[in-house]
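The structure under discussion appears below in the form of structure tokens.
The chains carry the letters A, B, C and D, assigned in the order they are written, with residues numbered from 1 in each.
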Amino acid sequence: MVDVLFFVFAAMAVGGAFGVVLQKNPVASLLFMVGTLGAIAGIFVLFEAHFLAAVQVIVYAGAIMVLFLFVIMLLNLGHDYRADIRSGIGAFLAFAVSGAFAGLLARQFRGAEENPLYQRFPGPEGMDALLAEQGIVGAIARPLYTDYVVAFELVAILLLVALVGAVALAKRRV
Amino acid sequence: MTALLDAIGYDVWALHALIWLPLLGMLAVLLAPQERAKKIAFGWTAALFLLSLGLWWAFDPEGPLFQLTSRVEWIALWGVSYALGLDGISLFMVLLTTLTMPLAILGSFRYIRKHEKAFYALMLLLQTGIVGVFTSMDLFLFYVFFELTLVPMYFIVGVWGGERRIYAAIKFFLYTALGSLLMLVGILYLYAQARATGAPPSFHFLDLLGTPLTLTEQLWLFAAFALAFAIKVPVFPFHTWLPDAHVEAPTPGSVVLAAILLKLGTYGFLRFVLPLFPEAAIHPTVVMVMLTLGVIGIIYAAWVAAVQPDAKKLVAYTSVAHMGFVVIGIFALTVNGLQGGLMVMISHGISTGALFLILGMLYERRHTRAIEDFGGLARVTPLLATALIITALASIGLPGTSGFVGEFLALLGTFERYPVLAGLATTGVIFAAYYMLPMVQRILFNRLENPENRSMPDLSGREIAVLAPLVALMILLGVHPTPVLERMDPAVQAIVEYVDDANREGPLAAAARAEGERFAVEVGVGAREARDVPGAGLQRPATPESMDLVRSMHWPGTAGFPGQEE
Amino acid sequence: MLVEALVLSAILFVIGTFGVLLRKNAIIIFLCIELQLNAVNLSFVAFSRFLGIDGQLFVFFVMTVAAAEAAVGLAIIISVFRHYEAVNVNNFNLLKW
Amino acid sequence: MTGLENATVLLLQASPGGYDPILPGLILLLPLLGFLANGALGLIGGVRAAEELRSGREPARHEGRPLTHTLPTWIGPATIGLAFVLTTANFMAMLGAELTDPIVRSYWMWMATGTLGVEAAIQLDQLSMIMMMVITGVGFLIHVFSVGYMKDDPGYPRYFAYLNLFVFFMLILIMGANFPMMFVGWEGVGLCSYLLIGFWFQDREKADAGKKAFIVNRIGDFGFLLAIFLLFVSFGTLDYATIFDQAPEVLTYGGGVATAVTLFLLLGAIGKSAQVPLYVWLPDAMAGPTPVSALIHAATMVTAGVYLVARAGVLFALAPVGAAAVATIGAVTALFAATIALQQYDIKKVLAYSTVSQLGFMFLGVGVGAYAAGVFHLMTHAFFKALLFLGAGAVIHSMHHALHATHKDWDAQDMRNMGGLRRYMPVTWVTMAIATVAIAGIWPFAGFFSKDEIIWYAGTAAGVGGGYGALFTVLWGMALAAAVLTAIYMTRLLVMTFHGSNRTGDAEASHLHEAPLTMIVPLCILAVLSVVGGWLNVPGSVRNSIFGGFGLLPMSDWLDRWLQPVTQSAVDIRVAELGGYASSAPVGGGHVLWGAIATGVALVVVILTARAVSRQKIVPATQDTVPLSGIRKHLYHKWYVDELYDRVIVRPVVRASRFSWRWIDQILIDGTVNAVGGVARGFGWFGSLFQTGQVTTYAFILTLSALAVLGALIF
């Protein structure tokens, strides 16, 4: 059941990704992106990362993508999309480079299951025990506010800076 | 005096105060209102000079080699320590620094017109760096201070300099930074080699002393260190940054550059290069190369100086010639040569500093540095003329001035081992007259033709206050240099003896001896505390017991020292 | 299941890369970068299933940074658009030498 | 405080033995104090004059006599006079003491290192004492003369400051107890010489002359320094006492070290004493005030080289090559300079070349081992040459006033503009005539005895062994020729200046006047000394001949005996190695006979020259347009030596300097440095090509780089 669901979500994600890249209409790209994010959220659930799945849907798909949508609409890009996708040599180069990338990665995955490192990989029992004991929120929250508290604070400041920066950049010159 | 100093614990805090108080002064300057910045800076440095005078009494010429020592862990993991110490060589370098700084600042009151606060703050920062260099016992700390001196100087030249200041500043910075980076590599290699012997990690000079190195390693390390210091000195083919930097730098910058910063190079040779790489230091090729470069520097720089139309550039080239005497004195590796080299360093600091100050005063009056714009000034500015003549004579080493003592000893010391090269170097005294007298003549003598020179004011009270101490020192050190020489003597003898021992008995044995001598102190007092006790350091002579101890503990493989019987 | 997740992650990442290189619309390029980030997130989550909770924490941070990046990036796009009346990256070539 | 007390104690300290030096330190201190006082006054005066100059006026020359002018009049001569009195007292004390070893007084440790110890010490012995007498005595007279001569000069206090400083350094040179101390004086007098030659520094030529003197002297100092180094390496000390005591053991006779040391010392002496080939600075040095020429460039400083050779006599005795070189240089110089003096018109130039020539005689003397004779000639020469210069000074002074009064722009020093001055300046004429016959070597004047003795020793030295006989014979001949030339050019000078008709011009002639009393008195004293000064050192054979009035005249060989403790060891070595002097001249004849020949020839030459010159038609310099030709042209242009040096040495060095700067420094070295910078810049430029400004390009490069890293990790 889980495997089947994974492949369904995977197919959705890959399909959505292609949609993002290949759709001429930005709004359509954006919607495909939302779909992809949703699929990935589904996979998160399969990996018992319920909290992240929720955040993915609420924050990513819900907030960030809507922000993108707002910008697209603000700039009124929905109807004039001719010169958007590269063609000719540009397209070829893009394809070649990412193809090479894909090739390299594929080479790495070949025979991964026989890799001794993979053989010695721990099972999900540890995580299961942790989740059983603390619940997903507790399991994330505890290190977040202890071991990672500095990073957490930094990220908070980063968000503030980004907020101020975005306002400063986007507002009209007075 | 000594009792007073003891009573206030002078030897415990003096060096730290001399390094860090300038930073406090920098803060004071930055917080003060713009128009009072220079006065605060001058007062501060003058007070520091008075403070540093205590070193004269606190340093006991009969005492151990390194005095006023202290050692605090800084980066314990790597063995980096904040370790300070003072020997006869650094004593005078520190005094020279603390003396030059207030005079340079006092001499810049009229010259520096913009960003005064920043300027004086940088000068104070510079003082921290320089005093730090001269008192560091830890190579890492030394490197930090060595680099620290670069930054303020870069800004001083680059911001307050003349027309081509940016070019000069960048050239100065890149040139010296290149050398010191190679030195950093050398320091790290040396450190790694020392650790490879199983010793605890340490950058302390005395710990690194006697690190076993093959001759090839020594030569490479020597090259790395020597390049850094040769650029700083500067030795002949690496000197071209100097005229540019000197000409473009504002007066106080030139003064500090000539009087003190150049000495960082020769000081480095003396303090680190000779003892750390004793075999390389007497390797015939190395010695010949260094001596030849020194001699070329003396003659070549004198020639080039003689045809300069720009007075400041002329004096800049004379610095190269003077430092040539220091280089040959150092690499002749005789007591007289080293003493002479040190005296030249001191004397050059005083006389060239004064020359730059005087040229700066002329520049303030006429806004030109070209020699041909002057002439006949002796009639309008007799006081300035007197100062310039005495300074010029001290610079060309007239007996009775400090310049003579230095050059005489340096040449004598070189002659003891390398008569032919010393003979060539001695022609420098002829060429010194060849470059200096025409300049003096064309500035002070000849007909007073230019009407602008006619209304030139003579020295003001402030300017007299700047020059008088320097002129007095030139003559005092020329007539009675013995107090200086006798304080430097133990340090110089120790270096010569150490290098001799290292080559006669092999570096391991000599290192063991030096280490043993230090160890003797530590065993007596308790190894850990010893380093913080003033006076811990190389102490001579070693006792036989300590030697045995060292042999058994540190270098188990080197039984049977030649020369151990004595 | 780990390997499959990683392969999916790789595929998504390559597609994102392809998109970045292929498209000229600055907004779409941003979307593709988000796609790449998500591919990485997927890897993190997959690993975290077996290796501990830290992977999820990283994803959390990546999301935050992505949010900040999107905010600033979009603000830049808006201000650039005001200047050029376009979001085509081929137009932006003044920032050189 | 303790230092001062120590110094006082040392000053007053009595030494063991029969002779207690009386305040020897004070002899040095007095001129120094004079220098400080006059120097301060000079600065004050200078500052005042500068203020006037700034306010737009030329400082007035004759405007009253401010304190800065009246005080030096007393301070300057008084300090030297007191020093002279002290020296005399010491001299008297030493006279009665039969001193054998020199007395050394050490004041403080000057330079001390682990291996070297040089003390600030003075040495009193017979040689330094006689030199001190000459320096302070003649120095005092010249100071007095200067009071009159420099009266109107705005730099009056400065002048006395330099002059006092000179005496101080000269005394250090003489009294120093080790070579570095002598070197202090050696360079110090060079400095004063430089300052005084360029005293009227506004005149570019005069400032140039000072510079030339200093630089040429430094060439000599270079040799001196090397000699000092070599001595230190050989002896481990630089004290006279040790070196001269141990020299016979440490140095092998005729060995390389001894020869090298003496040749280097000789180089130093050549520079300071203006011998061939470094004599060129001395004629130019005549740019200084005339009393300076008298004191520094005739009587004292230039004889330092002679003093050096005499002082280091032991070393020269150990190095026959060095000694022979000294003698050769001396003889060559004596003859060479004498030829140039024949055809000079500037009265001071004639005297300058004459000085060079006479110094050559002294070198010849000390070179052949006749140290006493050399020092003897040094002393008598100090008397009559100082007299000649001061007389010339009086003449120039008078001429200058006369020409100044009518604003005639003639050269006050050109003898062609003079003539017939004896009517206006009788005392000057008489005293100069005495000096002339003295230098020409006519009995019974001082020059006769001293020069004759040198020539005699040069001749008899031809009899020594070691293969130097032939050389000394030649040198003897050259000395004889030089002696004849001396008589010629000096007579020419006297006749052209004082005899014949006056060529100054009628208006000017009425302004010619005898010198003031402060100038006349020194002249007279020196004139007396020029006569009796020669009687101090007359060997017995001469004394008992007609030249000594058959023993009736108050003559003695006192100086020879006086200097014996100093010179004895050198003479001993010389006699032991080379054998003694011959008893007759190379071509036969004894001392008395050759003395008679010398004075007879000199007399004849003087008379013939006087007649020839008075018959010659001399016109003032401005009208003298007939170009010289042949040998006279070469003589007038001083054999073109200055031009030769200019072309062979000066200009190549300057050219090399320019080459070093322009090509080596700026293009080769700095070019390389900048080229390295250029290469870095080139790389930067290349890198900047990738910065197209296109985001897509960056993205491609980024991806490709990531690919490359990935690839590197995988493969």
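In the analysis below, contacts are C-beta pairs under 8 Å (C-beta built on N, C-alpha and C of every residue); 3 or more make two chains touch, one makes a residue touch a chain.
Just so it is clear, the model here is predicted, and its values are computed rather than measured.
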item	value
Centroid-based (C-alpha) most distant chain relative to chain C	D
Geometric centre distance via CA averages, chain C-chain B, whole Å	57
Approximate Å spacing (C-alpha centroids) for the pair chain B, chain D	39
Chain A and chain C: spacing of chain centres that average the CA atoms, whole Å	7
Centroid spacing, where centroids are CA-atom means, of chain A and chain B in whole angstrom	62
Chain A: positions in contact with at least two other chains	90, 93, 97-98, 101
Touching two or more other chains - residue numbers and ranges from chain D	696, 700, 703
Chain B: positions in contact with at least two other chains	none
Chain-to-chain touches, reported pairwise for every pair that qualifies	A-C, A-D, B-D, C-D
Chain C-touching residues of chain A, taken from the complex the two chains share	2-3, 6-7, 10, 13-14, 17-18, 20-21, 26, 29-30, 33, 36-37, 40, 43-44, 47-49, 51-52, 55-56, 59-60, 63-64, 67-68, 71-72, 74-75, 77, 81, 83-86, 90-91, 93-95, 97-98, 101-102, 105-106, 109, 112-113, 118, 121-124, 126-127, 130, 139-140, 143-144, 148, 151, 155, 158-159, 161-163, 165-170, 172
Touching residues on chain D, where the partner in the complex is chain B	43, 46-47, 49-50, 53-54, 108-116, 120, 180, 183-184, 186-188, 191, 194, 198, 201-204, 207-208, 210-211, 214-215, 218-219, 221-222, 225-226, 228-230, 232-233, 653-654, 656-658, 660-661, 664-665, 669-670, 673, 677
Of chain A, residues touching chain D in the complex	90, 93, 97-98, 100-101, 104, 107-108
Contact footprint of chain D on chain B as seen in their complex	171, 174-175, 237, 239-241, 300, 303-304, 306-308, 334-336, 339, 376, 378-383, 386, 393, 398-400, 404-405, 408-409, 411-412, 415-416, 419, 422-423, 426-427, 429-430, 432-434, 437-438, 441, 444-448, 454-458, 479-482, 485-486, 489, 492-493
Residues on chain D engaged by chain C in the complex (per definition of touch)	688, 691-696, 699-700, 703
